[in-house]
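Look at the two complexes coming up: chain A is in both, with chain B in one and chain C in the other.
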Partner chain A sequence: MKTLGLSLTLAAGALSAGLAVAPSALAQAPDQADRIIRGRYQAILGDCEACHTAPGAKPLSGGLPLETPFGQLIPPNITPDKASGIGSWTEADFRNALKNGIGHDGKRLYPAMPYPAYTRMSDEDISNLWAYLRTVDPVFNPVEANQLPFPFNIRMSMLGWNMLNFTPGEFRPDPSKSEAWNRGAYIVQGPGHCGTCHSPKTSLGADETSQALEGASLQGWFAPNITGNPYIGIGSWSEEEIVQYLKTGANARTIASGPMAEAIEASTSQMTDEDVKAIATYLKSTTGGPAEKPKPIPADDRRMQMGAAIYHDTCSACHGADGKGARQLFPALAGSAIVQQPSSETLMRLVLQGSQAVHTDGARTTPAMPSLGWKLSDQQVADVLTYIRNSWGNAAPSVGPSDIGAHR
Partner chain B sequence: METHCLKRPTRRQFLSSVAFTILAGSAAPVLARSISGALPWEARSADPPVQVKPGGWLFFTPEEARTMEAVADRLIPADDLSIGGKDAGCVVYLDRQLVGSYGNSSRLYTKGPFMPGLPTQGYQAPDTPAQRYRAGIAALNGFTAGAKGGKRFAELAAEDQDAVLKDLEAGKITLPDKVDARSFFNLMLTNVMEGFFADPVYGGNRDMASWKMLGFPGARYDYRDHVSKHNQPYPLPPVSIAGSMEWTTR
Partner chain C sequence: MDDKVGDETIMTTILPRKDVVIVGLGWTGSILAHELTEDGLDVVAIERGPWRDTATDFNIGYAQDELRYAIRKDLFLQPVTEAMTMRNNTSQTAMPMRDYGSFLPGNGVGGAGVHWNGHTWRFWDSDFRIVDNLTRKYGAARIADLQLQNWGVAGEELESAFDRFEYLAGISGKAGNIKGEIQTGGNPFEDPRSRDYPLPPMQMTYAPTLFAEVTKSLDLHPFPTPSANLSEDYINPLGIAMGQCTMCGFCERFGCANYSKSSAQTTVLPVLMRKKNFEVRTDSEVLHVDLDVSKKHARGVTYVNTSGEEFFQPADMVLLCAYGLHNVRLMMLSGIGQIYDPGTGEGTVGRNYCYQTNSGAQVFFDDKNFNPFIAAGALGQTCDDYNGDAFDHGPLDFVGGAGINCIPSNGRPIQTRPTPPGTPRWGSAWKQATVKAYKATLGFSSQGSSYPTRGNYLDLDPTYKDRFGRPLLRITFDFPDNDIRMSAWVTNKMEGIAKAFGGRQYNISPRRKGWDSVPYQSTHNTGGAIMGENPRTSAVNKYLQSWDVPNVFVVGASAFAHNAGKNPTGTVGALAYFAADAIRQQYLRNPGQPLVSA
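And then the complex of A and B:
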């Protein structure tokens, strides 16, 4: 009775949190409904939709092409459709895919599917996720995932890749750490697969495990350092600030943009408060990246002088002459981690294309930055970025005009 | 007092009027759309003005342009305060305006009836600014050809040009082809001033000359750091919508 009572409470909690459950799920035995609800939460932790649902398409019926350094991969249809989805898979097939990167018919998956992270998931979580995926509306949508050029299109090559780069195995909790830390580490390393974007990659496209979460470039954005590094990571953020960022997409320091905005909308904002707190606890404990700031470029440098003029004429009305921005509305540039990353890819993109804050229950205003590409030349974008990266105590490498054009 | 009160509608009248309103409303095409979640927004979206560059005339003939440059230089003569109207690009500004929506009044109501209005009611005749300049410049040169020994306006000495303009302004001159002298003078004066003081992006106000003269800071929108600095000159140079010289040279 106790178990049943607990599962009903969880189900009610999940429902009241706005998690829609397929009607067929409720008709099944209570423990099955419980599994499905927990499985749906795993799908939120793993943000399956981010890759497997194309904009405007039915959930999980296949996504937009992913541009990898090796070529294009299309996230396949993972609805229970027998012909084009995973309807003919068994739970064992699914577990094998997540834990070992091997699909239904022995096909090797490419690690764009983050099985090197999902392998850390517990059997129970994978089983629940499977139960949920069986309840998704089946959609007929054949997708040829493998669009890679020769020789990368040979799936068996992943056998060698796995030998070099892949360590299968479930997450092992560290008994010397708190329960929250272990929960956070599990989510970050396992279902949340944060390192898929935020960890630098080796030349083979694997996570550089010695530099986990130290920031990496992908799809034209720079996913910043999210270790506890005090100036380019989240080390100076309080746990509350990290929680607020992940729950709402904005805090007093910054506003999410690009793929992280999507991840916040579909995934982290819908996680439980406990899980987001656990992520914050774990991330703050990690280390990585340079411990000391470089020397800032002096203010009398010609690029800095140009950048200052552009900044005060174009940017300061929102971000402030002192770079402090305005809470929740205009991100602070002074002391900002994203502003001081080794790569300025995200910054170039924001200046040229603009950006809009994500809409979450906790932050509904969605302030936006206008696109300035029409009025600033490549040199001017470079100079103003060099200026914000080296003013008000910030310090980061200068930006050159030749890097800008690719983002126009 | 009761006699002044409007008769209150009965409940039946009220309900039937509501029903009618709903029916009428539902039959009308739906033009509004509801937006929920994030406000509509697109990357790279911008609707910037296109920088007008001098070179060639799109509306004026070379003769008309010469006349207008002479007028602009008398309305805003070069002196120790600033460059003149011609050098500032006022006629370039005007030329580009006259080939656009201003010139053809495409954004104004221009149907009749046409009746003489009060000065405060503005221009009331059917002609567009483009038509008024074409006729007005011809009439002005026709007048000077007759009254000033066959010379066109641009060929007159500066003092003579000033005298003609003053007489135009005062309505003392009768221009040929029924062109209203005072009205045409006011049109030229208004447009030349616009060219001189508008953002350089529109072709006039070259190098922000008029803004430098006035100490106007231009297209800026944040003065929080200067609000409390009373009786101190604003230190920053003017900036155009399209940018500033400070961004590229120093």
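And then the complex of A and C:
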């Protein structure tokens, strides 16, 4: 399945990623086939499917509505269908969309389409991606992307937004840094668009560039700090641990959940080892967030005492009395970055609703955290979260019952 | 195609052909599906019960519900789905069991492998070649009253299959014999194994620790029971992770919420379910295997879903991987082989049904606290000194034996109510006694062999039918005199052990004749489609291939030619791997042909 010479094997490989390459396209010149294969890899780096494919639908034929603070947007159909997709676009149109946020007919795109990141992509990568997108099965599926209320539904308003928030321009490598660092920075800032989830947003919904990758709320989860911060970022992770996490969804410290689990399944687990290593190299070099840990809440605090009792009854069978968890099965809580984020949104979600690990070749077990929302009161969930955020060397703000109530 | 059922004509939907159809997705079905899909075969499993997995069905928030699972038997086969009839001998009229009691067949994905305790044994070469062994040592006359048969396979042939099952399942134990070298602390009576268990033994609780001390003082050889409750975190050869057992004491009758007890769910399914050449159809009951006109070739199976829709699934191979008793009944309902007749001794399907011959002992103390709720299904100590043919039967009047086990598997509040003999059954005296005895009682038991006789067998009931109008399975069984003598002798030894504990009082529960299907005894129902050397006396060959219909394999404890004084799952797992190897390495080269010539 690794050879790319035969169109059938390639098509099978592409299918396994949910992305189909039409065999006819590969009958063209070899350099064209090469472009298509490279373009398909760009689609993996960019995780186009995450937004543009609805569950169970044909690849890239339009996605599920995205809830933004300004209203709803529906990721459009980007198959080569002429009537409802991008079949009538030219490569120049496509480049303009990715680099400048301007669509085929001059329509301003909303930055839910992460053109502020894609603008950093090289022309060659965009060109290859375009070549690949031309080979996807065309699907007739008209999507009205713009579901925003007035005044946000006026696309021209994005002109002003762009003036304030958007700096177009290709990624410029830093010659003082290693090749791997530059490759990692390119993927993170460009096609990988990590900041779209992980960077805090301004009141206008733009990335807060001074706080890049320091963590942000989205869709009821908290996308954590992924800078080299030593206690709430990935600073204490080894490069191998970052690579293992991105390739498999699990490492000795944690197991991916929520939107990151989906991103790992569809995107990072399918990246080359070199690219994932480059991402790790780059992320470890970044800084952000408080350098000092706060003081933990003392163990004799009433909330801590209640939390300890609930923890030992309900959580310790899997996560261990010492919070150390079990490899590939139960995430460690002691020393965990996600446990100590400023926001406890992800933790609340996990306790109230549960979560199941994704299946990757390197982590096949798919263990689950069951929902405990039905048996724990708001106060109990708050106390147990306060306890795990402030035990075994962890330190983070307490969680209150009203926070829990708001997330039920 | 249509079948007449009552006044209704049911249309049967014919489905696209598969390479392999597997009936039942428990331990053996999962192992075979995994092995055969590795060879690229297109496999479908048809499972009567529901889909079950750890995340959704054995939720840590409610998995430890004794009322739901242990008393109301939530995970088990219910008689409304399939009942069986029973009698002790052919002079009686069998009656349907209104509830499962003496044994509890599983239901749903994972089968009985979901709710087992986890004792994982290897049967010995002296079991597989039992007739050769006993005849040589004691003469043919000693076993004349029994219908013992060689299994057609030698112990050393199965060693690597046992090893693979143990490593798949992360069994925790201590080897007693590695390549002929006796290992301190293990079972000195076991056959040679190629290497130690994948995990060390579980940490012992107090009761088995004391049992080991006492039995050692009596010159017996206690060792940690090989356990499918894991002593440490483990990642199996398929890349699936399991967790260390927390000793919550909810194993038998329960699914494990902690990924700590080996089952299809925790060792195979996370990988199997992702394969594109595998599919499971749950809530679908196979009615019969369809044979062609020659009756020598299976065309596929007919099954019905919960909406009553009937389907024919054509396949090149049919693997019966249901619970052993169901395998036997499906063969009978499908016309695979000839049904056994105890009158003439002719026929093979239903032959050599065996069970388990158990007895118990309790010791009541005043000054000990065993904390019985800290427990696991297979956390304990065993002595095999009186098991199988580990001891000389020369001067004795029986063959066979029993493992003596101190495995306090739980202290669950509803069912763990030991009281000394003479205690009233209710009222304040009972309450006081149960409070006193709960923490201070040590129990141990014998699990004895069950040897076949001509009159213990399975067939189809002439009167009672299931909801599809098919005859129920009829069990004709009583404990053979040989086994009663064996159990009495072993139980006498247990009384010696009970006395040596020096408790205030002890109580012995011997095995008596007259099998009663109501009180729980054991779910180790074996035989009925036994493996062997001779198609006149066995239903399947050594590779579990039907002698009569070579593209049908029948996998499970149904293949046991007798039952040893051990839990069957380890040997069932080994036989599954042995059959899978034979299919992959031999059968697929020459499909449809017998692997052993009759």
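In this section, the second predicted complex is superposed on the first by the 386 of 408 C-alpha atoms of A that agree within 3 Å, B and C clash if a C-alpha of one lies under 4 Å from a C-alpha of the other, contacts with A are read in each partner's own complex, and residues count from 1 in each chain.
Rule of thumb we're sticking to: contacts are C-beta pairs under 8 Å (C-beta built on N, C-alpha and C of every residue); 3 or more make two chains touch, one makes a residue touch a chain.
Remember, it's a predicted structure, so these values are computed and weren't measured experimentally.
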Is this a clash or a fit when chain B and chain C both end up on chain A? clash
Output check: A:L204 vs chain B and chain C. Expected answer is one of first, second, both, neither. What do you get? neither
Answer with first, second, both or neither: which of chain B and chain C does A:A317 touch in the superposed model? both
Quick one: is A:L329 in contact with chain B, with chain C, with both, or with neither? Answer first, second, both or neither. second
Regarding the shared-chain residue A:R302, is it in contact with chain B (first), chain C (second), both, or neither? first
Touch test for A:S371: chain B only (first), chain C only (second), both, or neither? both
With both complexes superposed on chain A, which partner does A:I154 reach: first (chain B), second (chain C), both or neither? neither
Is A:H359 touching anything from chain B or chain C once the two structures are fitted on A? First, second, both or neither. both
Figure out whether A:A92 sits in contact with chain B (first) or chain C (second), or with both, or with neither. neither
When both partners are placed on the shared chain, which of chain B and chain C touches more of chain A: B
Looking at chain C, which part out of 19-27, 163-171, 181-189 or 271-279 clashes with chain B after superposition? 271-279
Contacts of chain A common to chain B and chain C in the A-superposed view 317-318, 354, 356, 359, 366, 368, 370-371, 374-375
Complex interface listing, chain C residues touching chain A: 54-56, 59-61, 233, 235, 238-244, 246, 248, 257-259, 270-271, 274
Residues of chain A touching chain B in their complex? 302, 305-306, 309-310, 312-313, 316-318, 321, 352-359, 366, 368, 370-371, 373-377, 379-380, 383
Residues of chain B that touch chain A when the two form their complex: 37-39, 41, 43-46, 48, 220-222, 224-225, 236, 239, 241-244, 246-248, 250
Help me check something: in the complex, which residues belonging to chain A touch chain C? 314, 317-318, 326-330, 354, 356, 359, 361-368, 370-372, 374-375
